[in-house]
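Note that chain A is present in both complexes that follow, paired respectively with chain B and with chain C.
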Partner chain A sequence: MPEFSLYKGIPRFSLTKSRLIHGLIAAAVLLALCVFGFVLSDIAIKGWRHIDFSFLTENPLDSGRAGGVLSILVSTLAVVLICLFIAIPLGVATALWLAEFSDSSKTRPIAAWLRRLIHLLSGIPSIVIGLFGFVFFCQILGLGYSLLAGGLSLACMALPLIIGTMEQDFRSLPSSLRQASSALAISHSAFIFHILLPVSAPALITATVLSIGRSLAETAVLLFTSGYVTRMPESVLDPGRVMSVHIFDLSMNVTGGDNKAYASALVLTALIIALNFFTKIVIARFKARL
Partner chain B sequence: MHHGLAVLTALVGILVVFIFLFLLQESWPLLSKISPSRLFTDPSWHPSEEYYNVSAMVVATLLATLGALAIAAPLGIAFAIYCEFYAAPYLSKALSSILELLAGIPSVVFGLWGLVVLVPVISSWEGPGTSLLAGIIILSIMILPTGALLARSSLANTAQQWRQASAALGLSRWAMVKTIALPASKTGLINALIIQAGRALGETMAVLMVCGNIVAIPDSLFAPVRTLSANIALEMAYAMGDHRAALYSTGLILLILVTALLCFSRPNLTERSHA
Partner chain C sequence: MMFSMAQSFNRLLGKLAGSARRTHIQRSEPTSASFRKERASSVGLKQVSVYYGSKCAMKAASIDLEAGTVSSLVGPSGSGKSSLLASINRLNDLQQARTTGEIEIDGKNILDNDISVSALRKQVGMVFQKPNPFPLSIAENIKFPLREHGIKNKNTLNEKLEHQLKQVGLWDEVKDRLNDSALQLSGGQQQRLCIARALALSPKVLLLDEPCSALDPIATARIEDLITKLKSDYTIFMVTHNLAQARRISDKVAVCWVKDNTGYIVESGPTEIMFTQAKEAISQHYINGTLAGS
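Right, the complex of A and B next:
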């Protein structure tokens, strides 16, 4: 246990100093909140001015200077769904192995290494994943700039998030459930399918939502995997531009695109905030039922 | 069933190695032709004239990261201390929810705000506005929420009986924070710092939007800079041959930097459930 200088500590600290520091800390919190409030209200106000219902139902025209974001929203949705479709089964399977099958003396060191590698994966910069996705999915697998290549690259980013959330949840299963199922001589696979997985449903929702949030916010990965094209995609092999890339392109490469960039930023931010609230409600309901 | 799961797990684990190897393979056409030391000794970064010096971009990346940490770390730790030890329970809960929400805001949104609001403000002080300073500010805003959440979760590990003991001894709240909570959660706080440093190193879009993207070692905070990640995003669209290999080498350097950093950190489950 670390050694604490309790006895040295007592006389050194005066009440005035403590109050002063309380004030300083509160001021830091206030400063941070003000900055975020300022940024978000700027996005909300300027975005609101350039948004109307047709913005959501029209396709972009003139590099996005006119029209709306319908095709962009469709591409975004497609990329996110592809990402989830790949990352969730793979992530849950990995978490299941790490939590349920890796505790024998033979597998424990392997599992420790795999966890370390997955931790590294979670830290890889998104632009590097983008470079990898471009070579592997677009070129070697021949997918070209496509929604599929974008979704697969995103899945690489979402995996560590899903694995971390699910493994933690699998491991926190009440031991009474485990003991009860061994007492009833339920097979391990029946235990997994009928007890462990159903009980972990709220965690799966959390993991899904976190991945959706991360995918919606991601830009650098998709720059060179899902492409720049604003056209409405017709299949998963078509290229498509996602929201975050659209905002980036409008603000950096399109003169006079700022207004639509703000409107798109508002749509994206609102989507993420709505998702956050929606999940909180759903999870609270789930927990109340359990 | 469990063999199948083991294979899938191994596949996911090996993905990192896979990514590293593919980056190496794509940079090999250049790295086998020129000595890798030329990435740091060439006169400049002009890929069309076969000059591949990335050191100015490495310096810019490191400066932006350090600057962002210098702002975000104290603010984030103060935020965490406030939530954990000062705020009333309802306020603490509300602040955490706000942080979770802010952690999910896309970096392009911060970048857009930086470009439209922050850059003109900086330019009214000095220089073109798109600058190292703008990058530092945007990066620090970006990493603050997750950093504060991570710091809070490690402060929360301060054992309840230590808290009670310190209250019984009549320690002021700050004395408790300084002599008990901070030392006890030092590892967790450093871990949070490393993870956020990794994020700042690799962040692309926001930095690309506000930094000005001129390849030069900055002589002041107001000078425009280009980071490693921005360099890839900017030139990848039209790069061919050796130029493309040079960009993959840039990606490789970035990957090595971040991986080296992350080797000093440990997986943090809370980070994953909040990030």
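Right, the complex of A and C next:
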């Protein structure tokens, strides 16, 4: 043992124990990295060969065996945007109400129930949300298989996430700022718009990115609501196939679709990784400004 | 009897500090600075009690705060000092506190129901223990509250900004980075910015809740200088744990104590009298830093 050791003077038994624990932790880290590395390298190696520029600029042909993924990308983007367009304003407003306006004795029970329901909503399996979306948006509201129905169903999934993240962030605002603005006789609405919301912008970005990530990965919900067709959508009322459904279909239902499935998976993974990097940079900028 | 003695002592002190008084009178001329505020207000607290639910944080406190002076509230933690302070701008209302008694500012009881709390808080500025600038730029920290209170003209806002920052001695330190975040300032600078922010609304009364307790000695000295400089234009009421500070900058000291979980004012009087010949044993002990015999 070297002379200046971290372990010097520690009884042999606990020395062995602590080394064992260190070893186990290292092994766990390695294992986790291996899983990630394996998935990523598998997709990259098998997908890379089948990607070229035309893959991104052409529509799929022959059930996706040939051609590219342009219409799929457009549908995916449309569905995600619709989801955010609905879920962000609704989610932020709900979180704002829960954090800022629900503390009177009358509203407190309503808020408690609302929180319970939101919690419940976040635990509902996505396949159930998909079926609900199919029944409610596609049939009852008559939207049929459409990007709009898909986006609305996705919004149901994203809502609890956005509400939860934002309420927590609103509540974590230092009470000293609240005091300061009360002492300066600043109105509640001015406080919300000039202090609370700007300070919560990084949390909103985080919540948005988590929602986008989840939406991009979502298959079950969209299988039932936004449809299956691979052609380019012309309006939000047209059906369209999103990336994850495309991958699912190519690998499960289309013989000879594996190569394109790998290529599509690589595109999707790259999108998500790029999104995460982009967010990190934006949030760091924001925090540097504060 | 005691009260009138204290008053005559005050008058005596006033004569001794003649030069300071004269500047006070001069500054009160309406012709001086362009941002002339109205004369400072006198504040009278009569039998003020503050309750949180059934807990009484401060019981029957009475004290007169003369215009153009600094009064300090000292005493152990939990003796209701901050609660009493925050009753004067009714910031206590936020904690659902119930305040009884009378707090008269310029002869008007501000505990009355018909008072506009917003107008009151504009008149009674407050600075907190921990500097709490808004997470906005240095300039916006001053301009945002002003805009909220109806000053929209850009030139007026900029003049006001410069005037307030000069008043607290911050202008030269920050004039080249007014658009930087206020959170990048040091603790002492942040606290001076908070004072400037409070003063921008032209209050007559300034409440300071341990304004230096989070600051280093040099920053503390600057704030003390500032308080001394400001006092002729405002009525300043300060909570402090720093007895030396209370002695250095205040004209009047009130000692609070806590008994049966209830805070109260043991006695109050001119600073030098309180520090040399306090009447009550509790205040003598507290001021000398010896534990009161129980």
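Keep this in mind: the second predicted complex is superposed on the first by the 277 of 290 C-alpha atoms of A that agree within 3 Å, B and C clash if a C-alpha of one lies under 4 Å from a C-alpha of the other, contacts with A are read in each partner's own complex, and residues count from 1 in each chain.
The working rule: a contact is a pair of C-beta atoms (placed from the backbone, for glycine too) under 8 Å apart; a residue touches a chain by one contact, two chains touch by 3 or more.
As the structure is a computational prediction, the values presented were derived from the model and not from experiment.
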Joint occupancy of chain A by chain B and chain C, clash or fit: fit
When both partners are placed on the shared chain, which of chain B and chain C touches more of chain A: B
Which superposed partner A:Ser182 touches (first chain B, second chain C, both, neither): second
Which of chain B and chain C A:Val29 touches, first, second, both or neither: first
Touching partner for A:Ser200 - first (chain B), second (chain C), both, neither: neither
Which of chain B and chain C A:Ala190 touches, first, second, both or neither: second
Nearest-approach distance, in Å, of chain C Cα atoms to those of chain B in the combined model: 18
Touching both chain C and chain B, counted on chain A across the two superposed complexes: none
Residues of chain C defined as touching chain A within the complex: 89, 91, 94, 117-122, 125-126, 128, 130, 132-136, 144-145, 148-149, 181, 183, 194, 197-198, 201
Chain C-touching residues of chain A, taken from the complex the two chains share: 174, 176-187, 190, 194-195, 198-199, 289-290
Footprint of chain A on chain B - complex, ascending: 1-2, 4-6, 8-19, 22-23, 25-26, 74-75, 78-79, 81-82, 86, 95, 97-98, 100-102, 104-113, 115-117, 141, 144-145, 148, 166, 169-175, 178-180, 183-184, 195, 198-199, 201-205, 208-209, 229, 232-233, 236-237, 247-248, 251, 254-255, 258-259, 261-263, 265-267, 269, 271-273, 275
For the chain A and chain B complex, residues of the former touching the latter: 2, 4-6, 8-10, 12-15, 17-18, 21-22, 24-26, 28-29, 31-33, 35-36, 39-40, 42-43, 46, 90-91, 93-94, 96-98, 100-102, 107, 113-132, 134-136, 156, 159-161, 163-165, 167-168, 189, 206, 210, 213-214, 216-220, 223-224, 244, 247-248, 251-252, 258, 261-262, 265, 268-269, 272-273, 276, 280
